[in-house]
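Across the two complexes that follow, chain A remains constant while its partner is chain B and subsequently chain C.
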Partner chain A sequence: MSFRIAPVAVLSAVLAVVPCTGRADPPPRGSPFSEWFKSVQVKSGPSSGELPHTLDGAVSGYLDGRVADAEAVVKSLATEKPKDESYPLYQLTLGSISLCQGDYQAVQRSLTAALERMGAKLSTTATGLAFINAETKRPYRGFPYEKMLAHTYLGLAFMQQSRSEDARIEFAQAREAQRGSAAGQEDDFATGHFLEGLNFLHRKEYNDAQVSFRKVTELHKEWPLGWFALCRASDLAHDAGEAGEAWSHYEALAPAGARLARDGSTPCVLFLVESGRGPHRWASGHDAQGARDPKAGASNSNDNSKVDLTLAEWKPTDSPEIRVSIACSDTAKVEAPKLDDLYFQASTSGGIVGEATRKLVGGLIHSFFSGDKSSKDGSKNNDKNKDQSKDQNKDDENVDLRSWGTTPGALHLAAVPVPAVPTTIETTCSDKSGNNIESLRRVMRFLRGQPFERAPIVYERIPPNAASRAGG
Partner chain B sequence: MTARMTLPRGIARSARWTALASVALLAVGCAHEKPHVSVPEAPPVPLTYTLVHCHDGTGHIAGSVPWILGGTCCCTPTREMFEVHRAEKTVPEDMTYEAYMALYAGKGIQVGPAHSGCNNRCEFGPHVVFGGKCMAAPTPGTANYEEVSIGHRIPAH
Partner chain C sequence: MTNPVRNRLPAGLLVVAVTSLCSCSGSSVYVPTASVTQTGTFSDTDMRMMATAMYASLQKRLAAIAPTDSVKPPVVALVHLNNKTSEHIDTDAIADKLQIEMMKAGSLRFVDRSKLQEVSKEYDLGGSGMINPETAKKAGNVTGADFLLTGDIGSIVKSSGREQINFYRLSMRLVSVETDELVWADDFELKKSSTKGILDW
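Right, the complex of A and B next:
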């Protein structure tokens, strides 16, 4: 009899455990085994969906609309690696994230930190030492377009904190950052000019506001809000001639249902909407994945003694273009037209000469050091495969493709007439064919319109990948 | 007469312990077992979006008492706003503006216009209606703006 006890005991033990695990329904609470089993499932489950602890991981999370997750990753990167050569990119990304969260104090901190590092004046020695490193290992200095955008966001952040003097300085610096571009193409960021004009209105500097809004109307002759703003600034500056002309343009362009009163008394809300994904850096002579195109004539990477002069260039990201319209229950839908294409801004904001010079000087210094090293190593290492992989690594390091990955593809602006009492507003997006994208519909409650000069500015970011993620 | 089989002592002892352990395991495994009755899930309670707290974004709701005095008005306590409260008799008649502001300072509550634009995500946050020390006006168009307005958190989708 006793011989049979052990198998029976094991069987009974198993039977006692099995009921807790084998059911389709969740086990009752309190069973220690079930609690442990659940905890194991949570820890090891594939659906935990944590973002990779890298800048790329944070950027892709942000573009998917996972703003809080992206913030956690990039915040810890910025804290852990303050000396990292890509530190400004952490701060720029944090700036974009804080903008989405409506935290303008944090936007100010992040973008100030980023711009400080990007614009740091290095000593001659430090600059020379930086050239010894491969391009991707050098401190990130940013591009004119990125600096322009960062200064504009900083200006907006100051404006939202009622710090109009600080905002004025930032908008001026945003214009300054565009210098170096081809003649006639500089100073063409309409959103920046419009925000600067608004800031001048807040400061009651109406002549300066006129200058800013005049620029907007030069850049976008068909945009009614630009004419309205110029009319307001001109009226306030007692320039009846320009005010009258601007008003006639506005009347001709603005749909009747969405028109604001000439004296600026119509309560409204300004919407700054960002859509799509910003441009990215791409090495000419490489395919989309970054691998070198074998047909590219400029390839000389097999010879370490030569300098690789492959330049990176801006490339638009193929996020689909969307149309944004905004409406509250009492008014007609107002289109928020695309005011700025950021690929255009990036590709025309100059800096090519500087980049090419840095490339040449950096390449010569870098090839001198690496060539010297390779001549010592060459006799010891004749393995062809190793050489190839080394060349590939060199290619990767010689073209710096880093850029501010959370920038939008397009900026839209609209002033929507909204009653002066808390009201619900809906933003809708449609594709090129006019089909509504349901996953991008957003409802905002309790917004209250105010006269044009004091109208609240609502920032909205439409995540570029959200529609595809939701199956829209 | 039946022949008794004697086991080696070690085996007999382990068999006994195993039996005891299995009884204990059975007891643990079944102790919480209750017949499972599938109850249909109750439909989620629909959120009510009723404006409870007024602030700079929504504009002042006439007659609402300042937050610091136990009310629902979270408008920035400027001198002009204080005069509105006096006119509405929602602050004590003999209270001065300085004494009113001292109440906020005494509780360590950060108020605008000096403290603004953080959307209550600053070190003093969350908003006072959620137990924090920040009374900066929430940023329009954000979830926090709606949550402060209605006075409770909106569950994430």
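Right, the complex of A and C next:
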């Protein structure tokens, strides 16, 4: 057959990409922490060499602490390639970086753009055309846990700008995006529930706050701060019974020296700390480093007549467990416990059946067109072209392993009693054996505590594999 | 010998491809504002339906509490409609549409309480000596409201497999300022179902 379908398919794929809608936002406003974060990251990160102008390059740069360099790369990718199939990943990454720098309006811009693209309903034609492409060339639609995290960060960004109504909506959307099953709950993302409860407290909607904090205590019965928050919300809602019960749990769990006053008057600062690297997708039959196993899948890849049914599965990434402690000068350390492990939140849209169906249908359509092409080439003999076609096909048939590379592995939360006057706070991290990681010791000055309901929230990121990077 | 069907196949495929590609090309046209927008989430059609239903219900009730032959229709202060859904809905647009319809019908008068701070500044300016005393407005003439119009819009979203149900409920209330009596209340409910395609991802 002399008809060449490949150019049409490429053209179709380009046209199938959902156009990005522009937004006009006011100029970004920096937070008081942004300069501090930048200085820390510049100190901790390697200083030489340009990052590769790719998403992978930017992500690895970010995880190495080169936040400003990573931001420059991702910003230019997002600007230059708004119709790229991986565009949402650029925006999600940019959102992470902006959050790290405390630029909440930029977080809002990036994450809204990413969520719009991931949530846009594709028409039947667009879906059909997307299936002509290999998996890795289809528009990136994201995973439920990514949407959940993006909505949560958006909510946090709104909260930090005192836009509690918008924050409430984002936290509700985060709940809807992820209806987890790992812990047997309808939605089991405790950090999201806690932040939502806090936002309800800001809005003086105490009954709703009670509901959110109750979910937190159901998910983490041994976490004192959850009980304290429930006690505060119940007291404010004039629910003496629940407040009393929550307070007795708090008293039993929290060490006497680090307790907050029941009336919420103890000034404190809330720390939301991310650690490690988030869940990643690996192709089944490939080694843990993500390199393609030459024995697995290779035969399928080189045979145009077969559809490579290799699927991807979620695996936690290697990063030593890190304990995070925070202390005000001369006071006892407060542990920031791990509230959520993002690996347990990771799942594939439609489950394994959905992925297999998409893989099968996409593979069949793709191999039909590829098969046409190779038979035509085969009739013209030349082995060189055939080999190139095989190599190309091998690349095309790779399992789609794209995911949000800057997702944290775990989220830690703690309320640290801090005087209402400018105070210095130190955060320290230790590895599994309890040894302090000196490179991750951070000092923050001029922080003032506020009563629990109005406590400032400090967001901090601890890069993955910090212990090994610091020399063990 | 060549197969005629086989020879025509590429041309046929080309026509199909071009047709489908043309259908994907972007376009922008005016459509009637009353046309129905079918989406699984809150849309302009829902907003219009809610405002229209509330207008009809309130108009009916007003016939009893403020007859149309009364010289001065009652004064209403509109209070922000709470958005309790999980979508960024401009609830003020619903209230605004209702207010415009009521004013067009002449059955209610409205006072705007959202700009009181600015009005107060204007009074201060009038008393500062900067403003011509003949045009300066004196404080103490702001119209008091007879009723407060308030409400909430809430939603319940449930997903099961590929199907998602979005339930919206708008409830509105008219409260007498003098007696705190609830003189009118009504609600409007919408239930929308959307289904994801088998291959959607």
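FYI, the second predicted complex is superposed on the first by the 367 of 472 C-alpha atoms of A that agree within 3 Å, B and C clash if a C-alpha of one lies under 4 Å from a C-alpha of the other, contacts with A are read in each partner's own complex, and residues count from 1 in each chain.
We adopt the following convention: a residue touches a chain if its C-beta (ideal position, glycine included) is under 8 Å from a C-beta of that chain, and two chains touch if they have at least 3 such contacts.
None of the values given here were measured: they were computed from a predicted structure.
Of the two partner chains placed around the shared chain by superposition, chain B is the only one that A:104 touches, whereas chain C remains out of contact. After overlaying the two complexes on the shared chain, residue contacts for A:211 are found with neither chain B nor chain C. Once the two complexes are laid over each other on the shared chain, residue contacts for A:311 go to neither chain B nor chain C.
Look at A:253: by the touch rule set out above, it reaches neither chain B nor chain C.
Look at A:401: by the touch rule set out above, it reaches neither chain B nor chain C. Considering which of chain B and chain C touches more of chain A, the answer is B. Once chain A of one complex is fitted onto chain A of the other, the partner contacts of A:166 are limited to chain C, with no touch recorded for chain B.
Judged by the document's definition of touching, chain A residues 2-3, 5, 8, 12, 15-16, 19 lie at the interface with chain B and also at the interface with chain C.
By the touch rule above, chain B contacts chain A in their complex via residues 5, 7, 11-12, 14-16, 18-19, 21-23, 25-26, 28-30, 32-34, 36, 38, 49, 51, 57-59, 113, 116-119, 121-122, 138-142, 144-146, 149. Chain A makes touch with chain B in their complex at residues 2-3, 5-6, 8-10, 12-13, 15-17, 19-20, 23, 25, 28-33, 101-106, 108, 157, 160-162, 269, 420-422, 444-448, 456, 458-460. Touching chain A in their complex are the following residues of chain C: 6, 9-10, 13-14, 17, 20-21, 23-26, 83, 85-88, 157, 159, 197-201. Across the complex, chain C is touched by residues 1-3, 5, 8, 11-12, 15-16, 19, 121-129, 131, 141, 165-166, 169, 172-173, 175-176, 179, 349-350, 354, 357-358, 361 of chain A.
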